[in-house]
Amino acid sequence: MNSVGKYFSDIFYGLKSLWKGLMVTGYYFVHPKQIVTQQYPENRKELKMFDRFKGELILAHDENNFHHCNGCGICQLNCPNGSIEIIADSVPNEDGKAERIIDKHIYHLSMCTFCALCVKSCPSNALAFSQEFEHAVFDRNKLTKVLNQPGSRIKKEPKEPKAPKPPIDTVPKSNPAN
Amino acid sequence: MPFNIYDFSGTTKAIDQFLYAKMPPTWAFITELAIVGLIILLFYAVIGLYLVYLERKVCAFMQNRVGPNRVGKWGLFQTIADLIKLLMKELITIRKADKLLFNIAPFIVIIASFMAIAAIPFAKGLHAVDFNIGVFYMMAVSSIGVIGILLAGWSSNSKYSLIGAMRSGAQVVSYELSVGLALLSVVIFSGSMQLSTIIESQANGWWIFKGHIPAIISFVIFLIASTAEINRGPFDLAEAESELTAGFHTEYSGIRFAFFFLGEYMNMFIVASLAATVFLGGWMPLHIGNLQGFNHVMDFIPPIFWYFGKTIFIMYLIMWFKWTFPRLRIDQLLTLEWKYLLPINLVNILIISFIVLMGWYIK
Amino acid sequence: MEKEQLGQVLSELFPSLEINTSQDPVRVKADTGSIHSLAMTLRDDSRFQFDYLFNMYGIDREDRFTLVYYLESTIFRHIVAIETDLADHDNPVVESISDLWKTAEFQEREIYDLMGVSFTNHPDPRRLFLEDGWAFPLRKDYKDDINFIER
Amino acid sequence: MQEVELQDILTAREDGDYIINIGPQHPSTHGVLRFVVSLKGEMLEYVIPHCGYIHRGIEKMCERLTYPQIIHLTDRMDYLSAHMNNEAVSLLVEKATGVEVPERVKYIRTILSELQRIQSHQLWWAAFGMDMGGLTCFFYGLRDREKILDIFEESFGSRLLHSYICPGGVMNDIHPNFQKRTKEFIKYFRKKLPEYDELLTGNIIFEMRTKGMGVLSKGEAISYGLTGPPGRASNFACDIRKLYPYSAYDKVEFKEILYTEGDTWARYKVRMAEMWESMKIIEQLIDNIPEGDFTIKMKPVIRLPEGEYSQRVETARGELGVYVVSKGEKTPYRMHFRTPNFSNLFVMNRLAAGNKIADLIAISGSLDLVIPDIDR
């Protein structure tokens, strides 16, 4: 008799456990407000990435097309994948001394792993991450970017004691023109 | 031409008389066959496509998603776009596959479900044929489909496919029993195998209500067993995409795959409409005994809506099962059939026979 | 057992071993030929019961190979690292301990695959990750002109 | 040692074996892993795992990179335990250079590790449910995981591969919203986790498929080096957080979940219980993060003194060991990772042989393998 009882209690227990599961999916079926899907291309306007989002590397330019990069090459040294190449020139300044200025700051987006070592190690806070995330292109060569805008120059800071380095998210941002 | 949404028999009879008056009897018969065939073909395509859409929407809502919503309003034309894509896809021929059987298999699956549709009464007077052994015919025809699945698995020359097909064979052979016995319970109640008679016998209440608890048990067993018979989750062992990638149709592509896909959904529709017809009264509106007022109110809703309402409800149940439960293992599947469903079913039939013999059910 | 105590017991049992208890964990330098018997003793002796081989790796020291076995006792929670030098750099061979710990079978296969150290009495002496015929990449003299970019 | 072809081994076995390949492209190997299985009907005779499809030679690459640069490679081993992997290397470098990190850093690291553990177990639950055929689980798991990923994204700018914990501290301070959002998440997830149980744990089909499948005894678990939740399901107390506490784990109270059954069901239950424990740990820490620096000044070029160093941490999948042989350079002379999935994978043949093909999927799902961690 015991085994017969177990037979029916098995059936009852099984059906009860199945019913519990059905209630979960049934609950969501009748509560469409809980839907979490985002309609991506339509919500492009409202879709705002977080300030710290590491989209792609940019060289921050201000409104007068000045940047802070002096072409020291520390970011290139620190990059683990060789995604940064710096081509620097030597140009005499007003005092007649040779000064190192940047010719091209080349950034291979296709090789970048977004480890942020370049941004962290930059001594003059020239680099930052933009929130751009739509990187898809049809030609791989387009992923190699020149970060300094044409005609841009290094901003000469008046000599003053070095300010403490601000955290990454407060680095001034500019729109990536390329 | 008389047209009555509540009773199609006048319309069909009028067409019949019109054709026989205009043509010699042989030609009239052939024309009728062609018309019916065409209508069923169209119906098949539309229902098949929109069942896929329905399933995708239902599962999306259960999973906190919105489902297809890009093609047309609410994605209504999504499945049509899918069909066009499948039509244009290359039919890959498999090396060392048995070409003839490989090509025939999808057609067998689809023809089986095609034949079953013929006997379904959609509304009063709206059915292609009304066999006096309708239930038996449906059972017989719907089990042809498994031959297609077995052939597909065997002829693909793929090990995944073969395992899937063998699983399907074991599964269908076992579960046919339970499906048949569950249907038999209502046949005992109504005393007929003719679908139209079964429906007429439910004019004062559906069998699921009139037949007390045994009918409800039969209904539940029918739902479980028929879900297994049409290879749907949680009994989709023949496909089992996490184990066998796609089971018996792993090697199929393009429209041949679409046939399997469509066949699966049409089988679901057939099973659901059979359950609706036998247990829930088919197109018969909800009647309670001799409550004239209530019955009249219910009669205002046309039978075709009753029929589709019930069928969609049962299809929803089947979908609900699929998107909630994990898959069974093959030995558990057979245990469920031989240890639980079949004994319960046999005892149930014994009880029903006794009830009918003593006349204890609501007549 | 504490580190010093462990070192003492070990040196009593194996006087020939070079034992360094100043580091964490205790480091034992063993002879290549005795590695299997030493490991067996460490596993089965009721004072040690090192039943958990949680790591082993090889080092290419250019003139020789060094294998390091890390053993832990799940009962006493003491750890010992056994080092052994394979002096023959061209054809390093050592006895497998995969009969003592199951995990050693695959760790040894990995070491063979990447380091080129052969293990005798290994039940399944195939390469693990790389194709047959590939050079052993973790050796210091490994050269790959196609995939290796010098910066 | 002569090189033996796979074909030789296969033909050496009994003729007429029904060999099929599960993988490298298969819906339930969760990556490019290949099992060569021999079937007799539905029964498995043996399972041979084949790996190396995504072997990248991380250990060799590390020999050319400085220690801060190595961090970003460890992300890419077990990508679901990125924080723990980063932490392992960071702790090793700090230990070797004798640097003590601020309390704030320790708290942040612990919270992140536990968040990462919950996130990893959520994805495992989702994928495990899918392996068993319950596709809805996948969406519920990912839906809740998204909340943690959003917390990560707000603070560190990336969702999966953070490279956030670095030698000496963390890359930048946590976001002002971090505490608030984490507390919100825990409140939310405490409501959602019982739903997981209702949908899958209590389900009779699921119970039948997992209970008593792939049983591994404690002795075998130790011998195979099975760590993490699979090891603890076999009653092998291998939680590094308890045994050798690092970061702030010595300041929090939590249970080490141990089951004695050692079957698929126990491995499932361990992870479910660990999610509760992780939430408890986070709740103990989240309000008490001390003020202070988020990093200490490390030398621009970190050189480890000559010697051999090791560090063990508990990732979401088991014990991760980092072993460094340094010659006093800025790059390691030899770096070795003892990864949890490597040991956990090779128990497959022992667990699955003799069971059915459906059990192979359930067992490999319950081991929660991340393939890049095996191949490195």
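In order of appearance the chains are A, B, C and D, and numbering begins at 1 in each one.
As a working rule, contacts are C-beta pairs under 8 Å (C-beta built on N, C-alpha and C of every residue); 3 or more make two chains touch, one makes a residue touch a chain.
None of the values given here were measured: they were computed from a predicted structure.
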{"item": "Far-end chain from chain A, centres as C-alpha averages", "value": "B"}
{"item": "CA centroid of chain B to CA centroid of chain C, Å", "value": "64"}
{"item": "Centroid spacing, where centroids are CA-atom means, of chain B and chain D in whole angstrom", "value": "46"}
{"item": "Whole-Å gap separating chain A and chain D, where each centre is the average of the chain's CA atoms", "value": "25"}
{"item": "Touching two or more other chains - residue numbers and ranges from chain C", "value": "151"}
{"item": "Residue numbers of chain D (touch at least two other chains)", "value": "136, 143, 199-200, 203, 205"}
{"item": "Per-residue multi-chain contacts in chain A, two or more chains", "value": "18, 21, 24-25, 36"}
{"item": "Each pair of chains that touches, named by its two labels", "value": "A-B, A-D, B-D, C-D"}
{"item": "Residues on chain A engaged by chain B in the complex (per definition of touch)", "value": "11, 18, 21-22, 24-26, 28-29, 32, 34-37, 39"}
{"item": "Residues of chain D defined as touching chain C within the complex", "value": "1-6, 9, 51-52, 55, 57, 59-60, 64, 219-220, 222-225, 227, 236-238, 243, 307-308, 310, 312, 319, 321, 323, 325, 333-334, 336, 338, 342-343, 346-347, 350, 375"}
{"item": "Contacting residues of chain B [partner chain A, same complex]", "value": "58, 61-66, 69, 320-321, 323-325, 340"}
{"item": "Touching residues (chain side chain C, partner chain D) in the complex", "value": "23, 25, 51-55, 57, 59-60, 68, 70, 74, 77, 81, 101-103, 105-106, 110, 112, 114, 118-120, 122, 124-130, 132-133, 137-138, 142, 151"}
{"item": "In the complex, chain D residues that touch chain B", "value": "18, 20, 26-28, 39, 42, 129-136, 138-140, 143, 199-200, 203, 205-206, 208-209, 356-361"}
